[in-house]
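For reference, the structures are reproduced in the following blocks.
Both of the next two complexes hold chain A, though its partner changes from chain B to chain C.
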Partner chain A sequence: MNHLIDVRSLEKTYQNQTILASISFSVNKGEIAAILGPSGCGKTTLLRCLAGLEPISAGDILLKNERVNNVETEHRPIVLMFQEPFLFPHMTVLENVMFGLKQQKLSKKSRVQQGLEMLDKTEMSSYKDTFPHALSGGQQQRVALARALVMKPALLLLDEPFSSLDQYLRDTLRDWVCALLKQEGVTTLLVTHDKEEAMMIGDRVILLKDGNIQQQGKPNEVYQFPENENVEGMFSDGLQLGGTFIPSQYLQIASQDEQTVDKVVSQGTISSFFFKYGLCFYQVKLKEHNVKLILHSKQEFKEGSKVLIMSNMNK
Partner chain B sequence: MKRLFKYGLYTIILLFLLLFITFPVVVLVTKSISAGWTFPHLFPQFFTLRGWELLKSNPEIVEAIYTTVIIAVSVVMLNIIFALPVAKGISHYHFRGKTVLETIFLLPILVPSLAIAMGLHLTMIRLGLSDKLIGVILIHMLPTLPYSIRMFKAGFDQLGIKWEEQARTIGVKRLRVFWTVTFPMLAPNIRSVALLSYVISLSQYALTAIIGGGVVTTLPMIYYPFFNSADQMVIAAFSIVFAILPILFLMVLEVFMKIYVHIVKR
Partner chain C sequence: MKSLKTKRPYFYILPALLFISLFIGYGIFRAGVESLGSNGSMFVHYTALLSSEEVYKTVRISLYVTVTSTLLSILIGLGITRLLYRFFTSVKWKYIVWVPIIIPHFVAAYLVFILFSQSGLLSTVLHGVNGFGLPFPLVNDQGYIGVILTYIWKEVPFVVLMLLPIYQQIDQRFEDVVRTLGGNTWQVWKTVELPWVGPVLLETGLIIFAFVIAAYEVPALLGVTYPKMFSVLVYEWFYEGSWENRPLAQALMIVLTVVMVISSLIIITISKRWKKQWAKEKIK
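Moving on, here comes the complex of A and B:
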């Protein structure tokens, strides 16, 4: 296989503490992979290692089949975008975007041209002479993205780039960024703690917890066939029952007196309900597991009523 | 009521400024151009530029201004050159004995500088640096460098390392990142370091006297003897020159910084 980046048993220890333990994965050219994990799982450290900002303790990082372990940050064709835009305050938007091109011995004219082109693509060209402090958070992120993309990086690393924005802006910017990355064909590795974001953006998801990769694959496959409890908890929805996991799509709520052929797997009480995407969801507090389960049902239930949880998985 | 209080406060501040800043400056300037302004007269008898002419025609003073400015500007530049890397190291890197090192860098202002200067004098004589401009410049580093390191460290602390990391991951080399990103972003700290070390250097008497041995004549060296002379007009003019030097320096510095940022961005 011809992977763009190939990470082989990467390890990172810091002051006798293992932060990343034997991480292996690869990303194909043009693919967007999402690394999902709770805070403190080492996902930011992983990006910093790939960018060359942190030395790695063991393993290999291969970029286009070449080992880049000891290549300095500035010489790796990898650009990292942090959570905050970090636009240089003494430079205008255009100067910020052209900042990296200066290292490439290009004429001023072609630098300006490339900068403007990229600002066009990020829909920020009307702000080219504005200073960063006059821009909104979303606009700043756009400029930061333009500054990264203008370098035509082999790999783009995004460290929760939308987390500092409000919900509405995050949703719109996310779709827009995703489309632009696809259009430009940029291979991207995105780190997030938001599983919906990972599912929406990622062609593939890599689940990270406690410094280990728990599972990787296509979002729907990982969602439906979680390999272990961590993945079930982090990524999938469903019910954990004595060693087996029943995904939510096989579960149903039924009232206690209902006649059904499905297997009863649990009992509980409806604790609350809410509407989302045109459907009604019930939060069920399960009797024996002391866990809460959220399920959709077309039937109507009252708060506090006792219900059965049915499964039709192995029918 | 609240508004009344606000305006009252403004009035008090304004009066304070008038009383302690504007008034002395006006008196000083007037004094430098007026003759016969003695007790029973509320206003000067007549105005003359004699004080200023005397100052201008005194080659010793003109020479001293040059020497003082050369020393002070050199001190400022050396401060920036030495304090920047030290402060960056202390602020951005973790290593063993960092606290000890920080304390060592602060020592020159914890120990009376005269005590150090006396000892250094012998060394400077041996090295042939005493009675020379370079010796005085070096000894002026003593009361300035510790402050500069502190101020730059505060700047680096506040800036953090992420700006540099962001610039490097875009593909720009460390040194260029420093000159095009870090340095311009430290502008407020550079301003304070420059002004403080300039003013400290400008007001050194004892250290200059010991190391300069009376051969290196700076403004303070002749300011004291001048003060004993009777002509208050000349002293007033002299004091104004003294006070104007830092202001001029600050203006020149601002212009240089503007030009620097402009060049760096191109």
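Moving on, here comes the complex of A and C:
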């Protein structure tokens, strides 16, 4: 077994309310696992439990095959990075990065050396003597990452680290962080509510809803073969029809008078359209299901036109 | 227009400035004038203070009572605040801790007298139990324990009042960051709490210090006849039958005022600088 962390039947209740119910998963060494779920599903609580910031109600957390349930936060080789950078405002960038090393009682020379090396990797070395307030949001998040990575944690927990940034910065920083984590070989558990982010960064995704794991696996497998309606709604794109899920890649829009060999699975009205990645996407309001479906089509449709939804899944 | 705008704040504080300069400023000015010698050396009364054994002992006992009361009030208040904000955030009866604030100092001193004097309640109860009463005097004692107890009882709620809103402003995730980076409770205090509450602690300490060192009623009721605290000695010199010691009383108060003004300026400057870093973080 190459599992770095093994979470077994973890439960967390607070004031008689179940936040996490029997959560079990594992993450291999060097792997990045993305935990995806809607707001309030318990994903941040899960990270806090793993970091030791919240006591767990039942279950076990095994780190390198050792039970760490009762190990205090400061003694767990786990570092949690939050949505916001939380840099200490009265310390310079370098002092912030060296903070954790100081707790490890390393010599000042060693701390400075390791701190500067990490700042170099995070492309922030020219700001070493700057105070956090003088940095932009993205730069602050880089410093926070440097502060976490310099600890060489066995497990890095990232709690929606890009959510406080604007779209452009988020995209840029996400790719850069992903590359850095891979380069450093850091085992990472990333919490996000953005499914694209989960797919892009995660070697594996763990889908959480109402305190329960709905499905876990490789992103493409989960996307194509969702195991329940929750996963279909959260992670996949497609149409749920009487117990059968048809992924979007098997669906097409056709005009009502179109002759086709594909099976008609539904009917609807084009409610709007938009362009993305050079393609035109149509939002179709389905007649009998009262749901909206977004599908790409090369054919041109006008808003309000009646269309058929065709499936070629069993071809 | 621009100069009018920049001058406007000064215009608004003009009534306050007038009030301060008229009532406090003039009082200090008169005291200053009266503290100076008319013949020979101008500072004859100040040199007399320096050579007085009684003044030396007064300074010593006043500093001892003030520093002890201030430090203990700050420490106990800090401890209670940390407990209150962590565990009783939603409990309304936490405000009971502020009840002593509304009780006048003289009444507080009298309560301490009733409880802790040699013929007081505690002594009577102990006498009933062991037949000896209090093993040592707490009121009107050379150690000024009764005075210190009164000030602690009165000032601890004030410290809590000052610190609680500051503690409630601290983002708890800073503590989580410290812990997840391997820091213990001491590191949390040093890295997160102290930089945040430190300036207020300093300012609160200054207020308590300034109040206690110059307060009259508590040491007058619970202190001893020798050595006296500042205000008791000054009051005695000022109102005794002969007016001989009046300039000495004024000189002593002027020295105290000057020392307090200088200390306040230093502490406020330090506190301002300290606040700056976290304020920048908050503004963002």
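Quick note on the criterion: the second predicted complex is superposed on the first by the 315 of 315 C-alpha atoms of A that agree within 3 Å, B and C clash if a C-alpha of one lies under 4 Å from a C-alpha of the other, contacts with A are read in each partner's own complex, and residues count from 1 in each chain.
Methods note: contacts are C-beta pairs under 8 Å (C-beta built on N, C-alpha and C of every residue); 3 or more make two chains touch, one makes a residue touch a chain.
Just so it is clear, the model here is predicted, and its values are computed rather than measured.
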Report task. Consider chain A as the common anchor and indicate whether chain B and chain C clash or fit when overlaid. Result -> clash
Requested in this report: Check whether A:Leu94 is in contact with chain B, with chain C, with both or with neither, and answer first, second, both or neither.
Outcome: neither
Query raised in the report: Touch check for A:His133: first (chain B), second (chain C), both, or neither?
Result: second
Report task. Using the touch definition from the top, say if A:Val191 reaches chain B (first), chain C (second), both or neither. Result -> neither
Requested in this report: Go through the superposed model and pick first if A:Thr73 touches only chain B, second if only chain C, both, or neither.
Outcome: both
Query raised in the report: Once the two structures are fitted together, what part of chain A is touched by chain B and by chain C alike?
Result: 51-53, 73-75, 78-80, 82, 84, 86, 88-90, 99-100, 103-104, 147-148, 151
**Report entry** Sites on chain B touched by chain A in the complex
**Finding:** 162-163, 165-174, 176, 180-181, 184-185, 187, 261, 265-266
Query raised in the report: Within the complex, which stretch of chain A touches chain C?
Result: 48, 51-53, 72-75, 78-80, 82, 84, 86, 88-90, 99-100, 103-104, 131-133, 147-148, 151
Query - In the complex with chain A, residue positions of chain C that touch it - result: 171, 173-174, 176-184, 187, 191-192, 195, 277-278, 280-281, 283-284
**Report entry** Contacting residues of chain A [partner chain B, same complex]
**Finding:** 51-53, 73-80, 82, 84, 86, 88-91, 95, 99-100, 102-104, 108, 147-148, 151
